[in-house]
Every structure is written in C-alpha cells, then in structure tokens.
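Please find the structures below.
Look for chain A in each of the two complexes below; its partner is chain B in the first and chain C in the second.
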Partner chain A sequence: MDLRPELDNYYGTENLFECYQCGPCTGGCPVNRYLPDFNVRAIVKRIMDGDIDLADRSLWYCTTCYNCYERCPQKVKPLYLVQAATNSAFARGLAPESIKDMNKTLLKCGRNSEITSVARNQRQAFGLPALKENVSEDYKKIAALTGFSKGL
Partner chain B sequence: MSSVLIVGGGITGMQAASRLALLGKEVVLVERDEELGGNLKILGATFGNGMEAKALIEKREKEIRSSATAAVFTDTEIASLKGAYPRLSASLKTPGGTREVECRSVILSTGFTPFNPAGMKHYGFGMHPDVITAAECAIKIKENKLVRNSNGQAPHSVTFIQCIGSRDLRTHTYCSAFCCMYAVHCALQVKEQIPRCRVAVLYMDIRTPFCAELVYEDARRKGVSFFRSKPAAVRAGRGHDHLTVQYEDTLDGELRFLQTDMVVLSIGAEPPKDAGYLAASLGIETGESGFFACEPPPVFTRAQGVFVAGAASGPKDIATCIAEGSAAAAQAAILLKE
Partner chain C sequence: MSYAFYPGCVIPLQAPNYEVSARAVMKELEIPLIDIEDFGCCGVLAGPLDGFTMLTFAARNIALAETKGLDIITLCNGCFGTLSKAAHQLEQKAVRDKVNAVLKEIGLEVQGKAQVHHFHQILYDKIGLGEIKKRNRVDVSACKIGCHNGCHLVKPSDVLHFDKAAYPRKLEEMVRATSAQVVLPQGFEHCCGSLLMPHNQDSSYAFAVKAVEQKGAVDAIIVNCPGCFRQLDLGQVMAKRKFNKTLSTPVVFYSQLLGLALGIAPKELGLDTIHKIKTSGLLEKCKAG
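What follows is the complex of A and B.
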C-alpha cells in the first residue's frame, strides 16, 4: 500500500525522505526490545518505498514514547510516520479487532472500557461519587463529523 | 609591499608558503597558534602512506624558515583585513604589538575546528571518562599510551561511533569527509598496538574514497568489526567497569548490546569561528555549511586575488589539502606575474 500520496494529510511527515536508515530510532525503542516485530526504521523504509502493509498488527505496538523522535539525526519524526500509518489503517477499516472494539465502546458509553459492577462497588466502598453512565453524545458528534465510524 | 598573505599555518598554509618561497615570492604566513602545523599536530602516523605528521610539518617548516622571502608570524591574529586585489592591507595582532602588512593577494587556509560533542549526552560524553573524542584517541595512539582514562589499563575492546556532528540536521548537515578514513586508520593502529583488543566501528555509511578503500579492506581483514548503525545510547555498565553500546544492526534488524571498554566518537569538522568575518572583509561568501565558498572549485573565489585552500572550503583529507595548498600558491604566483 502506497501511503506517500496522502502523507500531506498527516502531521509531522514532511521529512520522510531525509531518512538515512541509520537506526537510532529502533535502537532506542522500548517496544522493539521486547517485540522485535515492531521496527520503526523498517516501517519508515516501507513508507518510503510505498510498500507498507496497513493491516500489519505491529503498527499498533507503538507507545508514543518519543525516543525515536528525540534521537533521529534527520528530524524524520518516525513516531508521526507510524501514527500516519495507523490513522490511515483505521480510516480504511484495517485496524485490529481489539482497537475497533475499544472505539466501539467509546461510542457506546463514552469510555474506552465499560463500567463494571466491580468498579461501581469499589467506588461506593471508597465513598467516591458514582460515575456518569452515558457520556458518549459528544463523541458521537465528533465521530459523525470526522468519518470516524467508517473505520469501525 | 609583500606579495601574498597566507592566513592559517596548518599543512595547507605551510604548503602554499613553502611553494611560493621556493619561487622567491615574498610571503607572510600568519598562524593563531604558538606553533605551525594546525590540526595535524595531534596526529602520529598519517593516513595512507603512513608518513609521520611531525616529519610532514618539520619538512615544510624548514623550507619556510630557511627562505629569505617568507615571514612567519605565530601567536598572531588578524585584527582587520581591508582593500582588494592588488592592494590589500592587514593589521596583525602579534605578541609584540600591532603590525601592518600590505600585500597583493590572500590565500585563506584557515582549516577547520574539530566539532565539540558536548551535547552528546546520550553517548555519555563528558559523563564517563572512557568516552573520548577521536582527537584524544589519536594523541593516545601517537604517544603509544592507549589506556582507559578511568583505570589507566589497556582496553580489551574499543568501539568507534561515526558521524558525530556530521550528516545530522541538529548539528551539521554535511559529511566531514575524513572521519571514516581516520577511524579506519585508528582502528588498525589500535589493533597493532594491542593485538588482542576487539575493535568495532559503528558506521552509517563507510566513505573511504580511492586508495582509502584498500585501508578499509585491510581493517576488515585484520579483524576490525564493522556494524552499520548509529547507536541509540551508550550507558555505563554495572559497577562502571565497562560501557554498553545499544544499537540496532540495520543490516539484519536486530537490537544488540555491545559491551566495550572504550568509546571513541569520530568527530567531524566545523568552520573556524571567524570565517564569516574574513569572508565579509574580503567580499567573498561562505556557503550553507559556514565554510568559504569556491567559485569555481577548488581554489578560486568570487574576489580576484583571494584564494581558498584546504579545509577552509570544507572538510578534506591531508593529501587534498596539500594539493590545494600547491594549487593556490601556483594561482597566486600567476597573478603576481601580471
């Protein structure tokens, strides 16, 4: 999948072709240390080559820690390129089911996880006020305006 | 009135001065430092043919000092430089007071300033004594005292990190041209002095042109390891007895942790800080990099009678500097005939 024609729509992707493929992004990546599938440098390379697999689950492993952003000598901002890829994947409905489920929950009840009876009881025991149950109205408006629901 | 003013007494300026003196032209050589030789002074054996830097300097210094037409001012700075070809006047700040010099043309051989990696905290520079610059490493090799700063013992492993202050949008975007060559050369010398030492070079791209490629191949044959990567970080190990270099080998995509006793940062070149002032007073330009702009390369500038030689127009290796010193001297001599 060639992401290059639509990169202008995403923030911070203008320095893509400055990349030397030198590797401090992946070298300093806390995710790569435990999940070698997620290689920021390789993702940047694939975007440069116009050959990125947007259905790849590993795109979603990024923790947005900004290590790659800080260490890149060419200000390529690899983090924003990964985000461009995930945003593009979501808009095409290619996000993993777990991400879709989370966003469905967001639209349903206004939170990314439903309020369980355990949480309700615990709050009551601690003397905290009860959480509002349905706060999704604003999200629904935003989703309608941005085409968010199309990705689900 | 003297013929040519040469600004900078490094190898380029000395070469130009000795060539002009040989032709019997009147030359004034100005050097900021107390001794001639510039950046070459710290080196032992030079790259390629292996000639000693000291011998290289002494040979030219002898030629200049023995000439009746060459005047050398060390420990001297240029206070001001005015006029244009064929009448230039310079005011020199010598230890013995100010001195006015008139000349017909100028050769700028101001060379470069080594990059200061003080901002490279993620490589442990300034935080761990065993993280040193290539200049310090060259001095250690020259004195045959290659030891760790932390405990005074010979290192079991040395790691070179390339492109420090070069090819980096945060510092300097240009390639410093000679770092790969001296790193490969130093790596070989480390191997020679301590044969059991493990030597690794972490590079972005090895840029060893022409016969330097043979030295690079030689280094590979003699067991220097080359890994294509710019490391993410250098950390002090447990008990601070070794350093750990964290990097991704970009050729196989594996994250690796390299334990090493010493880290050498291959620093690049910066334009000298008064290049802008000199350019403005002579009516020439400095390029995007801050070095003098050549039009056309290698030695001409926009202003007639003003020549640029050696690393003053961008980082260069010793052989090119010597060639450009001669070239600038020849062009200045041609102008003097007119």
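What follows is the complex of A and C.
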C-alpha cells in the first residue's frame, strides 16, 4: 500500500523524506528487543518506498514510549508514521478486534471500562467522591460526527 | 489558584490509591482542586485508530475546563501526554476550527486557553523542593528508592517541556526532597510495556520485569502513572508464573512517599490495599527512621 498520498491527513509526518535510515529509532526501541518483527526503521523505509503492508499485525506493537521520536537526528518523528500506518489500517477495516472493543466500551461509558462493584467499594472505603455511571453521551456523538463509530 | 482535577479513567477505577494520596497531599500543600464530573477519557484509546477523533476527545475535556476558567491538573502520565499534545496542536487556528466544527454539535468550543499540568509539575515548579523539605515531618531517610519516570511525563520533550528525555532528573530530586535516598541513577528509562498488553501479554510482562530488575535492590520503586504502577506491581506477581522469577519490591506512587514524609497516615494514602506487593517493609523503615 502506498501511504504517501494520504500523509497530509496525519499529524507530524512532514519530515518523512528527511530520513536517511541511520537506525537509532530501532536501536532505542524497547519493543524491538522482545519482538524483532516490529522494526521502526524498516516501517519508515517501507512508507518512503510506498510499499507498506497494512495487514501486518506488528504495526500495532508500538508502546508510544517516544524513544524514536527523541533520538531521531532528522526529526522524522517515526512514532507518528507508525500511527499514520495504523490509522490508515483502521480506515481500511484492518484494525485488531481487541483495540476496536476497547473503543466500543469508551463510546458506551466515556471511560476505558465500566465501573465494577469492586472499584465502587474501594472508592467508598477511601472516602473518594462517587463517579457518574456513564460520563457523557458526548463521546458517542463526537465519534458519529468524525466517522469513527462507523469503523468500529 | 484552583485547578480542574483530571483523574482520567484508569486511576479512579484501578488505582484509587494514587487518587486518594494525591488528594491528601494537595490538601496538605493547600492546592485547591475543583472536580468536574463530566471529565472522561483523555482520548488516548482512540489514538492508534484515528488521530483526529483522539484530538477531539481531548479537546472536549480541555473545553470543559475552559468553561470554568480553570487550568487542568492531571495525575496520569498518559492523560498528561494526550491532553498536552492536543493543546499543542490546538494552538494552530486551522486545527482549532476543524475541531470546533465537531464540538459545536455538543455545545462546546475550545479556545486553547486552559493549560495542562501534571501533578509533578505543580509540585516541582509551583510548590518547589524547598517548600517540600520545609514541610517534612517524618524522617524517611532510611528508605532506598528506585525511580521510574514513565514515558509520557517527559516525552515528547519538545511539547511537554518538563524534563530531559534521556536522563530525567526531577523525580530523583523530588524523592531526595522527602529525605529518602536514590541509590542508583537511572539513565535510559525502560518502558513499562503497558500498551503492549492487548497484543502480546508475555512481552508486556517481560518489559515490566526488566524495568523492576533495572532498579536494583531498593525498598520501593516510585512511579507516577497508573499504567506503570499496574505493570510493575502486578508484573512481579506474573514474573513468578511466567518466568519463574521471584521479585518483591513494593511499587508506590510519589504522592504516597511524599504523604508519608508529610506525616499523613498510611491508611489515608491507600498504602494498605490495592498493592499486590505489600508495602509493610517500606512502612517499617519509615517508622524506624
């Protein structure tokens, strides 16, 4: 897949072609040490070459630690290119179900999870203020307006 | 000056020990907080799928603070990173206009006036280490501490402007200000692996184990993010099951250590429950000191 025509849609990807493939991004990447399939330098190269496989599951392994962003001498912001790739994958229906499920919960209650009775009791024991069961309908409305909910 | 208190979603439900201790410390230090019950997820969950939706979720929370004329104080590194990055993006009028076209439909408008602060920024920049030292009532100098900054308190450093990315030093200074010792300076920070959990559990826990082992022999590891807390605390329990490694270093929030030094009772700091690795050893040292 050639992502170059749609990079303008994404934040922070404007320095892509400054990349000279030096590699501190991958050298500083904690994920690469455990899961070598996730190689930031190679992902940047594939996007530059207009040939990235959006069905590749390893694209989703980024923990957003920002080490690549901090170390890149060319200010390429490799992390934002990885996110551009996963965003484009989502737009084509290629996102993992687990990530979509987390977001369905978010739209439902405005939080990462619903309030469990354990959490409710713990808060009460600590004397913390009670929480609203569902934060707001705003999340659902925003997601409908941006087209996000359609993709889920 | 009052702040809009932004607890996020992980802390109120999974790390109330952080919330209760941070509230207690801020009360002691006379930092007034305003609760806004409509605050929800910062938007980070949507980030991998749709950057614009993430930005709009974040902007909604910033707009809520603005309607009250307040700056935001966050406890979670993740919320701090997401909201700060959003505030940075919203400085551009073109971005703001695009976001406001959506927010208008829910009766909100973001102006980009509210500032986003992490709790630690307020402690370091506004309260100051001198004031913290002056207010210490309990000697915790017998405690040996390992510092785990977490990624999103400092990175991206050109947006967050809190500390240096490769070797952040402010957390160490803050720990020393409580009279506790920092035994091993930590240069390169190992990510806790929290966001790898949905994709690869074993590697995610391997991250956590590595982060714990890096700290060496200490009485406690200090964190300031609920993601790091769960990884490093629960990760030590999982280390036995998954890698047959025995680890038992208590993981506590800076607010809990500071609270102890300020003379707040451990029970009011949430130190007795929630923690998988028990904190009794640490508490003994505080008493002995």
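We take it that the second predicted complex is superposed on the first by the 151 of 152 C-alpha atoms of A that agree within 3 Å, B and C clash if a C-alpha of one lies under 4 Å from a C-alpha of the other, contacts with A are read in each partner's own complex, and residues count from 1 in each chain.
Basically, contacts are C-beta pairs under 8 Å (C-beta built on N, C-alpha and C of every residue); 3 or more make two chains touch, one makes a residue touch a chain.
Remember, it's a predicted structure, so these values are computed and weren't measured experimentally.
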Overlay done on chain A, so just call it for chain B and chain C: clash or fit.
-> fit
Where the C-alpha centre of chain A sits as vertex, the angle toward chain B and chain C in the overlay (nearest 10 degrees) = 90
Examine A:1 and indicate which partner it touches, taking first as chain B and second as chain C; both and neither are also allowed.
-> neither
Now for A:73: first (chain B), second (chain C), both, or neither, which partner does it touch?
-> first
First, second, both or neither for A:26, with chain B first and chain C second = first
Pick one for A:106: touches chain B only (first), chain C only (second), both, or neither.
-> second
More chain A residues touched by chain B or by chain C?
-> C
Which superposed partner A:36 touches (first chain B, second chain C, both, neither) = first
Mind working out whether A:138 is in touch with chain B, chain C, both or neither, as first, second, both or neither?
-> second
Answer with first, second, both or neither: which of chain B and chain C does A:18 touch in the superposed model?
-> first
Which of chain B and chain C A:127 touches, first, second, both or neither | second
Which partner does A:96 contact after superposing on A: first (chain B), second (chain C), both, neither?
-> second
Once both structures are aligned on chain A, how many angstrom separate the closest C-alpha atoms of chain B and chain C?
-> 7
For chain A, which residues lie in the overlap of the chain B contacts and the chain C contacts?
-> 28, 67
Can you check the complex and tell me which residues of chain A touch chain B?
-> 18, 20-29, 32-33, 36, 39, 41-42, 67, 71, 73-75
Tell me, which parts of chain A touch chain C in their complex?
-> 10-11, 28, 30-31, 34-35, 57, 60-67, 69-70, 83-84, 86-87, 90-91, 95-96, 98-100, 102-103, 106, 110-113, 115-116, 119, 122-123, 125-129, 131-132, 135-136, 138-139, 141-143, 145-146, 148, 151
Complex contacts: residues of chain B adjacent to chain A | 122, 163, 167-170, 204-205, 228-233, 246-250, 253-255
Given the complex, residues on chain C that touch chain A span 9-10, 12-14, 16-17, 19-20, 23, 35, 37-41, 45-53, 55-57, 60, 89, 102-103, 105-106, 108, 151-152, 155-157, 165-166, 188, 190-191, 193-196, 198-200, 203, 206-207, 270, 273-274
